[in-house]
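Next, two complexes with chain A in common: one pairs it with chain B, the other with chain C.
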Partner chain A sequence: MAQFGDGFRQAMHWTHTWLGVVLGIVMFAVFWMGTLTIFAPEIDRWMIPETRIVHAKREISYDLLLSRLPPDAASSDYINFVVPDERRPTIGFSYRGADGTFSDHELDPVTGRPLAVTDSRAGTGFIYPFHLSLTIEWQNLGEWIVGLAALAMLILLISGLVIHRKVVTEFFVFRPRRKARRATLDLHNLSSLLGLPFYFLMPFSGLLIFAFVYLPWGIAEPFGGDLAKAAAAISGDYDPGARTGRAATLASVDAMKREAEAMWSAAEGVPVETNLVRILNHGDDSAVVYFRNTFPRDRVVLSEYVAVFNGNTGQVLQDFAKPPIGHASSWVQGAHFMQFGHWPLRWLYFIGGLGGCVMIATGMLFWLSSREGKLARFSPGHRTVEALTIGGVTGIIIATCAFLVANRLLPPGATLWADTRAELEVHAFWLVWFATFLHAASLRAQAWAQQCWAIAILAATAVTLNAVTTGEHVTAALSDGYLAVAGVDTVLVITAGAAAWSALKLRPASKPLPVPAAHTVE
Partner chain B sequence: MRGVWEAPSPTRMPAARQIIGRDGPMLGAWRLFAGLVGGHALASGMVAAMGSMLPLVGMPRGEAVSLAILLALIAYAPTCLAMLASGRPWRDGLALFATAGALIALASMF
Partner chain C sequence: MSAALLVGAMLAVTLGTALLALSQQRHWNAVMGTGSKPGNLPQRLGWLLISVSLVLTILRDGGSFGALSWPLQAGFGALLTSGALTWMPGVMKPLARWFGR
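Right, the complex of A and B next:
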């Protein structure tokens, strides 16, 4: 009779294998984009050169900015300012117009005037949304797919630990010179164990961040089915209600900001600053002004404090501080966002993210290599997984590089069939990614080397184009104090070198395999 | 041994093939459905029940829901794994849905 352990382990083996094969590509895409999202503001500086500004701490008058609102923003129900910092040196300004559409602008931190910036979604407008929703917005479908991938990753990690009984031994075993299949499995085990706590933290905290999307009924039910009430109790959200239609003048937002920061600093014992200023129902007597320290520099926890003021009188309507369990939950979410000011840890996250990509890719490669040499290699299922693996691993890196190249090549104001320049950059990403799947399906294993060459060429092209179009090559960027630009360029150069090295290693043998001599029958 | 996933034979046939052959597509689909949908219902029920009942013993409602979300998400992945590994998937899946239903009903009472 089979032992309990064997039967359970078999089930875990089945789960690990098939869940990995079916959702591996989605997990890789989410992990890859998540890894890039760690440096999304730096990618913004690279892709939107007009925002390459050396940050200096200065007082910003929001009263002045509000006095210069565009006409269609004057009666907006939602106006948002993001306070500049060293990673985002411009003042972020967005508002909802009367037709419900959002307008986003970057304001000069010195003059407060709008900057004429390159039309690009860049890191925070494309790479970050891709990470959290694959940019599929319909009915939150993208967020559900990413949530499923996060859940699958947790299951894969647990089932992987059950399968690999000798985890400690396997951690110290990596035999790169053994057969490709053995080396792939060793690298899969090594990369999995090296970042195991990080790989548990990322999907779990990702699920937690979107708990309001994934568990809306359960969260709303204790509040009488009202999700807005739940958000108010858990996150300090504030709903001012509908506009009354009675015009009113806004009190000084700068004074309210000082009061909010004084309240928080008194509670905390150290200076606490706001980094979000929001005006709801502007120009109406129901207006409120909302302050939040969404991404504090000196702590992991997110949105610890929220202060809401009556827009017309300046009186405090709400002074919300995260209670203990909410604080713990926000800490876990903050550990996912990684927006606090800790550069060594940010780079460790980046390396951990790349390690996750290696773990997922080697898992899929092991599945493929374990079936090579068998009839399964020619089955439609094997061919499909092979094409998806190549397109999903090297293909998405090519598409990302193509996104950067398109950003530097498209002229300002470029349009095609009513699509804006920013949309054309995104189309370039999707078209190139789709092409890599076709390429992989037609050339099969040979596609690996060719796609690595494509990464090398595109990454080197992106660096060159940045130098040519902006004049900010690595040394110039460093001397001008644009560390973000120099950092992105350096990573691209390393990527090009690593891809070229991989392409040479993956090059198919030039000589055909020797044909065995026929035996003669004596 | 009852109640666990038993290997059908001591052969060295790949585990995946054994399980597919043993379950058939219907039972395999049920395992996935019960794990994902039943697990989701259980997590929702946990959040609703804890969020409704913990305030009765003095915990603020927002805190109760925050705690319940953390615990429900921790429980979700093992629930899916348990369904995928269950030796009695029909019974265990139905038990999972029944538990989720009971939690939802409990939440609605308070």
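Right, the complex of A and C next:
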């Protein structure tokens, strides 16, 4: 029996090691970007300075906004307004043009006029999608890779618990003065145990949210294999059908919105407001108006009330509330989306996310350090993992800082070949990230310290550039009420300090072993 | 009231994890030196304080938020305890003196 136990533990050890080595970089990238996504709207305010507006509760007339539609939006089959809140103070406005392309705008919440904003994908448009798909859209490949990494993380957590022999007696133990290998393992164990429930919840809830991608057949089966029908039944999607070609005037959207909110508030017992106003087939007699309340501020559970109105008569076509199967997963999904208004919990999530990054990074470092001083470290496999680990850990942090610096350096309207300014920022991210892998491959262990210096310099540069280009340094931002900007700057300053401290402390793990001399057989 | 409950919960969970750590001979020795033992009280009181922090969190946030925030608070409290044991074990001496024998 004892032999069986040891064999099982060995099997778990093998699984833990190799899943970590193979998928560690993807897990780190997803966890790093997921941690930043917690503050994606705040990063938006930092990267798009024109949207730094102190939010105040205002009545917004969507009838007025619709009366000012651009000419190519007047016959759009899809017009979307995102209602502003304290974290997203502008009115989000997007529509699909006749050629099928989307136009996105930010409207001033006071005047309703379009703001001339910095062209940037920022947090919501780049960091958030990177976290869920690595921005690889082809055949949902990115979502599958991230899903695989999430599944691997669950397996790693369980296998890690099995192979950790002293969970209780070494729960609080961290010995930084011992050998690097021991200290790395201590930090790996400590960071794993302290955030364990959080680390289970995040990949599990992520997999649940993307069940439509990972398990489409099972979800569609009760609906005759039609995934669109399943989506409509679960989330209240509404298809108005094709345009009829008969022109018609839209009834008052403001009146419909009031009616939708009154219906929801009566059902909920507390005031419920709409997050989203959508007009489908605008200007046609098949037009419908769609309102949604998804992210309540005062609880974890998503609400997902949907009300659909006939656009011409203003009559209710569909009063949708989540079915029981939707409620069953709403808490788990809400815990992952984290759109609620609980700031202490938001910061705890951020700390938990950074703890997850430490856990993953130290796991990969331990694999490397356990081969220090051995000939194995000269093998191509080891060198590859080393370069991938350095580029995957410090490299992605450098690339993120470079993304912010590029945002402040690129002039308005910058283009290169056919790429827009926003695309150039993203290119800067990828180019710098790629360069960190090359740097790591050429300098090996010495690259750690240099890349930490690069993080420190870039983070400090980003803060300086923000102050120079917008005038909103930390104290100015605080006095103007731009907490988001002050918060991002403060985190960048802390990052710069921590990276500089790490760079000073870091030394190459050991002197390289002499390469065995080749012998000629005579 | 809300802020007081949050601070109370954080203090309780940090003290609770500190007492749980002190209930282990290894950490007790690191703080108090060899020659004395922690006894059973730190462990019992540690669990009690951790339970108190759970109650305070649920009183403040309710069960839905509490289920998310309490494990993270407990992890943060344990992180502070671990940091103190690693770099400043002396700061836990006043706490340990209550329980030495």
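As a working rule, the second predicted complex is superposed on the first by the 500 of 522 C-alpha atoms of A that agree within 3 Å, B and C clash if a C-alpha of one lies under 4 Å from a C-alpha of the other, contacts with A are read in each partner's own complex, and residues count from 1 in each chain.
One rule holds in what follows: contacts are C-beta pairs under 8 Å (C-beta built on N, C-alpha and C of every residue); 3 or more make two chains touch, one makes a residue touch a chain.
None of these values were measured; they are calculated from a predicted model.
**Q** Sticking to the clash and touch definitions up top, decide whether chain B and chain C on chain A clash or fit.
**A** With chain A aligned, chain B clears chain C, so fit.
**Q** Touch check for A:169: first (chain B), second (chain C), both, or neither?
**A** After superposing on A, A:169 lies in contact with chain C but is clear of chain B.
**Q** Once both structures are overlaid, what angle do chain B and chain C make about chain A, taking C-alpha centres and a multiple of 10 degrees?
**A** That angle rounds to 80 degrees.
**Q** Give the label of whichever partner, chain B or chain C, reaches more residues of chain A.
**A** Higher number of touched chain A residues: B.
**Q** Identify the partner contact of A:155: answer first if only chain B is touched, second if only chain C is, both if each is, neither if none is.
**A** Touch partner of A:155: chain B, not chain C.
**Q** Name the contact category of A:242: first (chain B only), second (chain C only), both, or neither.
**A** Touch status of A:242: no partner.
**Q** Classify the contacts of A:351 with the two partner chains as first (chain B alone), second (chain C alone), both, or neither.
**A** Second partner only.
**Q** Using the touch definition from the top, say if A:54 reaches chain B (first), chain C (second), both or neither.
**A** It touches nothing on chain B or chain C.
**Q** So if I take every C-alpha atom in chain B and every one in chain C after superposing, what is the smallest distance between them in Å?
**A** 18
**Q** Where on chain A do the contacts with chain B and the contacts with chain C coincide?
**A** Correct list for chain A: none, the interfaces share no residue.
**Q** Could you pull out which chain C residues touch chain A in their complex?
**A** Residue list for chain C touching chain A: 6, 17, 21, 24, 26-27, 61-62, 64-65, 68-69, 71-73, 75-76, 78-79, 81-83, 85-86.
**Q** Across the complex, what residues on chain A touch chain B?
**A** Going through chain A, the ones touching chain B are 1-4, 6-8, 10-15, 17-18, 148, 151, 154-155, 158-159, 204, 207-208, 211, 214-215, 217-219, 221-223, 230, 233-234, 323-326, 328-329, 332.
**Q** If we count contacts the way the header does, which residues on chain B are in touch with chain A in the complex?
**A** Of all residues in chain B, those touching chain A are 1, 4-7, 10, 15-16, 18-20, 36, 40, 43-48, 51-52, 55, 60-70, 72-74, 76-78, 80-81, 84-85, 87, 107-108.
**Q** Once bound in the complex, which stretches of chain A touch chain C?
**A** 169, 171-176, 190, 193-198, 201, 299-301, 331, 335, 340, 342, 344-345, 348-349, 351-352, 355
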